[in-house]
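Two complexes come next, and they have one chain in common, subunit A, joined by subunit B in the first and subunit C in the second.
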Partner chain A sequence: MGELWEVLTRHFPEFRAGFLVTCTFVAVSFLIAMVVGTFVAALRVMPVRILQRIGTFYVETFRNIPLLVLLFLSFAGLRRAGIEIGRFTAGAGSLGLYTAAYVAEAIRSGVFAVGQGQIDASLSLGFTYPQTLRRVVLPQAVRTVIPPLGNLIIAMIKNSAIIGVALGLANDLLKTARIINSNTLQTTEVFFWAAVGYLLLTIPATFTVRYLEKKLAIKR
Partner chain B sequence: MTYLFDPSNWEWIFAGKNARFMLEGFLVNLEIAIIAMTLSLVLGLALALLRISKQRVVGGVTGAWIDVWRNLPLIFIILFLFLWLPRGVRESYADLVPGFLPDVFKNGAFLAAIAGLTLYNSAVIAEIMRAGIKSLERGQGEAAAALGLPYWKSMRLIILPQGLRRMVPATVSQLITLNKDTTLVSIIGIQEVMRHARIVTNTSGSPFTGTGIDAPLLHVFIGVGVLFIIVNFGLSRLSRKLEIRQRERTGTDVESITGLEDQVALDTSTR
Partner chain C sequence: MGENAVAGNLVEFDHVKKSFGPNLVLDDINLNIRNGEAIVVAGPSGSGKSTMLRCINGLETIDSGDLRFDGKSVAKAGKAIYELRGDMGMVFQSFNLFPHKTVLQNITLGPTEVKGVSEKDSKERAVKLLERVGIPEKADSYPADLSGGQQQRVAIARALAMEPKLMLFDEPTSALDPEMIREVLDVMRDLAEEGMTMVVVTHEMGFAREVCDRIVFIDEGKIVEEGPPEEFFKNAQSQRAKDFVDKILHH
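For the complex of A and B:
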């Protein structure tokens, strides 16, 4: 027990720095995922065949490819091709683009969850189309989309751990634990605290999502 | 773009044994996925049954176990087990493996890889199965009890067949995630497709790659990506088909959950 606390107090600055890097990765990647995901979802609901195809191609490609392959492609692959991109950009970018495919699917299913009948009803009641979107479609779509997006953030926190160890792209929490471990060889203690770091992020997020799911559920 | 499509940059595929070497690596990934999936299904079912146990303590402890493993990064679990398992355990495992199995299986790290994948995925699958069982109407269990079926019989004959069938699409989509996650075991040194890809890009030394042809990293990893897309795309089609067939058969309205990342698969069913 004593050893457990000792490891934490001695290496707290490193752990904290790693934790913050993980948080930064998640925040930046989530921004990228939201922007790209919304754009791709928009492509997939456009009435133009070719745009739909492009959207589908994006989703199917990025959803079925391992994140590790994306990281290799974006960092080492592009570097060999003569395109220099930074370590952080490659890491956060890959995670963001990977998650964007899932975000696009979540948003698309949210929009489709609002029935065409409701839109027709709203229009026939004299609402204009923008009003219908704002007052009928969006409030319901947002309620359907938020729980899946929450789940994607959780998945993202977990996936962000790949960035650090895969290519040594950044000293995030897991990479930090690995470095401390190679210096001290106190594997159980070091990884225990890293686990606490990850669970501090994921478990509250899980409970929040469960709560939101219940609260936002549309009773039909 | 010209760099990407320049035919000389794709020559590596046909040079020497490169293509065969890459496919062999990919086969290891598939084998790992199948072994880990089988173990996860068995363990996941056991965890799900314990989780819904009427004994409060048992259910609570199992719930905590599931929540911890499900919420840790998979790569974290694999790396931890690899570093934590004493060398002696790994070596005695390597000695125990029967000789007819492929060489990758004899690596001590393989034990850590399979254990890590199973710990994580059994927790996720337990949650999926629990959601499936919970989604059944209460009346099913009550009717079984009223007919005088004991707990385990009503589970085996009434609850599980219906509950698990509902969760088949979600389970297949978890299989897709698992298939992608098998690349993570390359980090602890198991020779699978990612490692093979790196060997291929390194033209000197290896007996497989002494072809004198430059294999650009970008192109090799695009090749790896294509392999995964082919298999996973097929799986996601299968998942969608199963889902439609099931909706037709049971008339239940299970919402679309195909291909979403593990935790997303849960939320539609817990409503």
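For the complex of A and C:
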């Protein structure tokens, strides 16, 4: 036990810095995933064939390429192609866009769970399709997709660990842990605290999802 | 009133045809609905009644012919359909209230979002409409807390909030328990008496008899018979309408 505490207290500044980098990744990727995911889901449910195709293309592309490959492509690939892209942008961008494909699918299934009657009622008031989506369908869909979205966000937090390791894109929590480990060789202790760091993010996320689920539940 | 409207006609079906796949659901429908008229569309299930109603506000598209509302073609409206729909209210069999909104918000959403009415004005109007349909105390409830009859009355208020020229009722009492049918029909009766133009698809022949100006009887996508209710019930011309009246009145 003594060694466990000793590792934490001695390397606390590094752990904290790594944890904060991971937090930033998660926050930025989350924003990208939600905004892009919602937009792509909207494309996929619009009654316009070409928009649906664009949405489907996005989902199939980003869902079917491994995240690690996306990271290599977005950083090294784009740089080779002459496009200057920062490490942070490449990392958070890839993770966000990758997760967005799953978010879009979750939202789409939530949208289809909202009955045709709701759409009829909304259209009969003179709403356009985008208005119908924004004011009637999405607010209801969001409530049904919160549980699956929660799973995606937890997966995203864990996936963020890949960013630091791939190409050494950033000194996030896992990367920091590896650096400390290579200096101290206290593998068990170091990665124990890394695990705790991830749990500090995933457990509150789980509880937030449960809370939102209860709070936003629609009585039927 | 649009420029091209034949004087007094609010809705004009002009050789309207509509198929779902191989099924011809509307077969050459010709019908004019005058301003202020309350029409009941009756007929066996599957005869095309609801489809006819949904074509009026463009929720279903027609295959051929023309359908005009207020002198403007619904069939060829394109994006103008949204504006036309804003002048027609529709009430559904399954109410279709927005479950994530309170009763008041259900009623204010249309006017604020579509017609640009201010939040304050639309609220005032919604409160008045709730009084009119007899449930002012439910303003802050959610639809799930209301009985079926109350939900349907809110749905009527929601449609009226758009100040429509025409109200479409698609079997408004079919999903209701018997003891709640009356409260909804009473609201509809009041509307008709105030001169609202209404097209009502219903099996409530009592309502048809007492309230409407004209019954349109459809079978297999065709208008088989139309006329004042007394005439229809006592003196139906076609065998199909006679059979229908017999079944309805003597079951």
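The rule is short, and it goes like this: the second predicted complex is superposed on the first by the 183 of 220 C-alpha atoms of A that agree within 3 Å, B and C clash if a C-alpha of one lies under 4 Å from a C-alpha of the other, contacts with A are read in each partner's own complex, and residues count from 1 in each chain.
Quick note on the criterion: a contact is a pair of C-beta atoms (placed from the backbone, for glycine too) under 8 Å apart; a residue touches a chain by one contact, two chains touch by 3 or more.
The model shown is predicted, which means the values in this text are computed figures rather than measured ones.
Colleague: Looking at the overlay, does A:F88 come into contact with subunit B only (first), subunit C only (second), both, or neither?
Modeller: After superposition on chain A, A:F88 lies in contact with neither partner.
Colleague: Can A:R143 be said to touch subunit B (first), subunit C (second), both, or neither?
Modeller: In the superposition, A:R143 contacts subunit C only.
Colleague: Now for A:F72: first (subunit B), second (subunit C), both, or neither, which partner does it touch?
Modeller: In the superposition, A:F72 touches subunit B alone.
Colleague: With the two complexes superposed on chain A, say which partner A:L152 touches: subunit B (first), subunit C (second), both, or neither.
Modeller: After superposing on A, A:L152 lies in contact with subunit B but is clear of subunit C.
Colleague: After superposing on the shared chain, does subunit C or subunit B touch more subunit A residues?
Modeller: It is B that touches the greater number of subunit A residues.
Colleague: Tell me the contact category for A:T128 with respect to subunit B and subunit C: first, second, both or neither.
Modeller: second
Colleague: Just subunit B (first), just subunit C (second), both, or neither: which does A:F39 touch?
Modeller: Neither partner.
Colleague: Within their complex, state which residues of subunit B touch subunit A.
Modeller: Residue list for subunit B touching subunit A: 3-4, 67-68, 71-76, 79-80, 83-84, 176, 180-181, 183-184, 186-187, 194, 197, 216-218, 221-222, 224-225, 228-229, 232-233, 236, 255-256, 259-264, 266-267, 270-271.
Colleague: Please output the residues of subunit C touching subunit A within their complex, sorted ascending.
Modeller: Of all residues in subunit C, those touching subunit A are 57, 59, 82-90, 92, 94, 96-100, 109-110, 113-115, 142, 144-145, 155, 158-159, 162, 168.
Colleague: If we count contacts the way the header does, which residues on subunit A are in touch with subunit B in the complex?
Modeller: My answer: residues 60-61, 63-70, 72-73, 76-78, 80-82, 102, 105-106, 109, 147-148, 151-152, 154-155, 157-162, 165-166, 174, 178, 181, 187-188, 191, 194-195, 198-199, 202-203, 206, 209-210, 213, 217.
Colleague: Over in the complex, which subunit A residues touch subunit C? Could you list them?
Modeller: Counting only subunit A, the residues touching subunit C are 115, 117-118, 120-128, 131, 135-136, 139-140, 143, 218-220.
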